[in-house]
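So that we are looking at the same thing, I have put the structure below in structure tokens.
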Amino acid sequence: MSASGTIEGAARREPHVPESTIGRKPDYLHAESTLRSWFFTTDHKRIAILYLTSITGFFVIGALAAGVVRLALIVPNGAIMTNDTYNKAFTIHGVVMVWFFLIPSIPATFGNFLIPLMIGAKDLAFPKLNLTSWYVFMGGALFTLVAVVLGGVDTGWTFYAPLSTAFSNSWVLPALIGVTIVGFSSILTGLNFVVTIHTMRAPGMTWFKLPIFVWAHYATSLIFLLATPVITTALVLLIAERAFHVGVFDPAFGGDPVLFQHLFWFYSHPAVYIMVLPGMGVISEIVPAFARKKLFGYRFVAYASIGLASVTFFVWGHHMFVNGQSDLASLVFSALSFAVAVPSAVKVYNWTATIHKGSLRLDTPMLYAMGYIGLFVLGGLTGLYLATLAINQHIHATYFVVAHFHYIMVGGTVLAFLGGLHFWWPKFTGRMYSEPWGRVSAVLIFLGFNVTFFPQFILGYLGMPRRYATYPPEFQLLNVLSSAGATILAAGYLFPMLYLVYSLWFGRKAPANPWDARGLEWETASPPPTLNFERPPEVPRIPYDYPIQATEAKDQHR
Amino acid sequence: MTPDHPALQLWPVAASATAVETDELILAFTVLTLVLTVPVFIAITWFALRYREGSEADRTPSGIRSNLIEISWMLIPFLLTLVFFAWGAKLFIQSKNPPPDAMVVEVIGRQWMWKFQHPTGQSEINDLHLPIGQPIKLRIISQDVIHALYIPAVRMQIDALPDRYTQMWFKADKVGTFHLYCSEYCGTDHSVMGGKVTFMNPGDYQDWLVHAGAQQGKVASGRALYQAYGCAGCHEPGSAVRAPGFAGLFGSQVGLADGRTVTADAAWLREKILNPNGDRLAGGGKQVMPSFAGRIPEQELGLLVDFIRSYPATGHAAEATR
Amino acid sequence: MKSPLARLSPGDRALLWRHLRTPVLTFLALLGLLGVIVALGATQPFAQAWIVELAVVALMVALILLVSMEVRREPPLIRLFSGIGFFWVCIMIGMTLTDYLAR
Amino acid sequence: MSEGLAEGVGVARAHQFETVAQQRQAATLGIWAWLITELLLFSALFLVALITRIEHPEATVAAARHLKFWIGATNTVVLLCSSLTMSMAIEFSRMGWQRAMVRALLATAALGSLFLVLKAYEYYADWEEHMMPFLAHRPFALEETPAARLFVNLYYVATGLHALHLFTGIALLLGMTWMAAKAGFLARHQNWIEVYGLYWHFIDLVWILAFPILYVVNRGP
């Protein structure tokens, strides 16, 4: 569990040296430069960088697969590639993007880097476990990539039985094993965060002084702990089913394939909030910083994070309205799904109210944040269409669903990820990126995203089923439009990769707090020293202590 | 393109009263969505312009009590959307309770084809002909993986499960031909697993049952089987395997490896499908076709032979029915 | 033991008993409860025996959690964590049964 | 918890913590968080068993009556004994009686191994009785009720997963015992014993759930 005992920890604490002094101890990036010092590091910041580089790689793989999918759909008759190639492309896209990008994206990178900084700790509670989780992640990724290299998987990322167990002739087993292993990495990360947030807060850092980012990650970590083991069991049973014909999901022996869907969605619906909540945390940091105003309704936003993480466990059945589950279950799950609207509305309206009467700077992170709010609102409300039973019977498993969850996953998580990446880039690397390029890319991504995915709402209610390699010719116009949007989106993704990497060497040196933002992570140098703070940070009187504060907000902290 | 070109159509055709009701629900929900989102969009844009750094704006706190606002924007959208839960649930319950006089059509899903059997015994593959003005109940099951039958024109879909029956019912009120899909991903040819549903006047339907249902439907069914059993993968001109084509085959004289010559009649074709290793063909091609004995039911064998019988003298399988 | 039991000083013996009293008593209680389950399982005296069996299991689980794992002596946070998993199991089973019991 | 520790027994602070109390709290909370995941992992299997029972009551009863009830019961007693020795080890660590603690830990490992040996014998007996339906080429004793296969295979997944946990637990325990036998261990890492003890007790707890759910409850009609 805990690291080996070093008793001289306190002695290492250096006296505070002002930032401008040249002879300061090297920061975490420059403390050591051997490969060993990276691959065997227990520094949460370095582990975050390991995660950042690996998930960027997976994002590229997933995006390329998406490119293949959009390429195939330019023509309705499947002339560009075989159905089999198409099926493998969308499966790789789904598996890689969900399990190897979206789920670890914000928690394992920003969460890993920032939680100890934000709560004023020297590291996570279990640094070795943190490194282990990265190795477990890469181990799982290896299995899945082997499946892709050997010839791919064609089951869809949902792995529904009995297609995945008895009928698919592709490399399902290694892919399943990889995804199972990655679950352990999530569990270890979540465990580390929960314990760190509970036990490692600096003196005076009470729960209601924590940034919403930390609240959101606490809620996310609870989902990691409570949901992931169930998908592990489901996948272990699926592996056993495929390898040994266990029978529990196999109708040939009286097993029930719908049972797999229950276990799968018990995890995979909450997993949506694993992807969404950290993004909400990021937005809750960016919006006050660029509105120069205290976050509106802080306590409500904090409670809404925990609320979302709890409600999400009661609604998984809304993925199964047409799957033959009982009508009673459908009614119950549908009704409960509407409850998700409550905490989601709290978040959106509070962000909007934070902007009201602020003093706005529309820098790159803020552009992403504003794009996020708009797209998340659309994505969330279209989710309620799908939760409405009679509407679901029409648009279930159509492109409406595809558009809906891309509005949440890309419009939500990816925009928040990019916004956060730009917001904290100076902190991570000590360099500033090119602001004009940043703004151009943010606008490009927003436009490209909408051109890609808005037509898919229309395709969906017109009745085009998802996962179709070929489709009726009357849908071609909208599909071509969508593919055109995807090229804009691709350009929008490419620019940040280029100018961010460029800034590593040629960017302007970043000051400790380039945005004049609040929060303990801005109290230390950019990039921070290995043990995070030169001297114990002083916890502010209230969170989000920005110049503009509405009176009602102050009331909450009396 | 003319304005009524299908590519420019922005709303799917509704062919039943339930479909119209579902559309009303969707449209009403869209109005609510706009009511809830447009103010947020306008507010964000307006605030972004009005309160930009350096602009002259009143930034004094409004003094509104935040708890009241918080509770109101938590509850009001929630209660508004609950109305739609109730509405959607009402339609859902209707859709789950078919009237007792519904005409029952049996549906079997299989990788990658649908088989429909009318109450009078006629069966169709992938295409479905149904009368309007008459409640129809589809009893659905799958023979292998999970499929889903989806008919957008009636705004309905339901999974075809391998272990138990599911059902769907509707009463079409519009004559026409509409799409019919598989909407639960089921493997390689998932996107090909579908066809057309044709809603007809009851008189026309009776007529179809007597004439077309028994005759013309056969070739189309045979073509679907030809695709579904994977025959097309080898026997269609241009395939990599270069198996013998069917153009002009039926009734012709076929030379065999042992020097004999046989007539490719129905009985010989049937036997050749079941036992490809018998009666080796002249020409020295390697015999790679697996035996389909026990894999294709007798009635479907007949359909396949009918399909080969009507295979056009030149060209591809698709032309056999067009 | 540190040395054979007999050679312990009376003070040590008292210390030992003070420390080991709870584990030993818990062990005996668990054995007794297990005996009830095994007896019911082996004889099947009445059709509803499974209800009694599950009740006894619940008792055993509570005993292990509270006494062996010392949850009763832990701060509220640990108590919460020890219970939350069971609550989530109830969600999982309860919501799944809304499907299976109503089909 | 840390109250009632003998003199010279304690925990050395790792660099990321400010105080020893914080470190102890983190370790305890951490293991409990892990145990939550273990509980849900096994509960999902128990849920599948419950669904199997609901869907196929007769086949499940037939399958459950074929399980080795008395071996299962004996094994439960073995694990209860190991829980006792584990509790004793924790108490000895608090008292600072290092040798007694090491012996109690070894006894725990021995009892855990005895469980695995009995389990292995049980599997062997199952194999003899043709109760391994997942083996493709071995006929299954209950072939005439195909759904019995579901429950029997589930029994292997659940008990196999539990045995894997126990096996890992014994390996960790032996490694820790080897370190715990060295001088000064109790002054630096006393809480390892407590944290490990929680894991061991919880594996017992999982078995105490698994035994009735798999072997006992489904014997009844």
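Letters A, B, C and D mark the chains in the order given here, with residues in each chain numbered from 1 onward.
In the analysis below, a residue touches a chain if its C-beta (ideal position, glycine included) is under 8 Å from a C-beta of that chain, and two chains touch if they have at least 3 such contacts.
Keep in mind that what you see is a predicted model, and the values were worked out from it rather than measured.
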item	value
Given chain C and chain D, the chains that contact each of them	A
Chain pair with more C-beta contacts, A-D versus A-B	A-B
Central chain (by mean CA position)	A
Rounded Å distance, chain A centre to chain D centre (Cα mean)	34
Separation of mean Cα positions, chain D and chain B [Å, integer]	50
Distance from chain C to chain B - Cα centre to Cα centre, in angstrom	55
Contacts with 2+ other chains: residues of chain A	198, 226, 230, 254-256, 258, 266, 327
Interface hub residues of chain D, defined as touching at least two other chains	29, 33, 36, 39-40, 44, 47, 51, 55
Of all residues in chain B, the ones touching two or more other chains	none
Complete list of chain pairs which touch one another	A-B, A-C, A-D, C-D
Touching residues on chain A, where the partner in the complex is chain B	78, 83-84, 87, 154, 156, 158, 160, 162-163, 166-168, 251, 254-258, 291-292, 296-297, 300, 322-324, 327, 330-331, 334-335, 338-339, 341-342, 345-346, 348-350, 352-353, 355-362, 370, 373-374, 377-378, 381-382, 384-385, 387-394, 396-398, 458, 461-463, 465-478, 548-553, 555-556
Chain A residues within the chain D interface of the complex	1-9, 12, 121-127, 187, 190-192, 194-196, 198-200, 225-230, 232-234, 236-237, 240, 244-248, 252-256, 259, 263, 266, 531
Complex contact set, residues of chain B against chain A	5-12, 21-22, 25-26, 29, 33, 36-37, 40-41, 43-44, 47-48, 51-54, 57-66, 69-70, 73-75, 77-78, 81-82, 84-85, 87-93, 95-96, 111, 144-146, 148, 150, 152-153, 155-159, 161-164, 166, 179, 181-192
Residue ranges of chain A in contact with chain C within the complex	198, 226, 230, 258, 262, 266, 313-314, 316-317, 325-329, 332-333
Chain C contact footprint on chain D (complex, rising order)	1, 28-29, 32-33, 35-36, 39-40, 43-44, 47, 50-51, 54-55, 69, 73, 76-77, 80-81, 83-84, 87-88, 91-92, 94-95, 97, 99-100, 103, 197-198, 201-202, 204-205, 208-209, 211-212, 215-217, 219-221
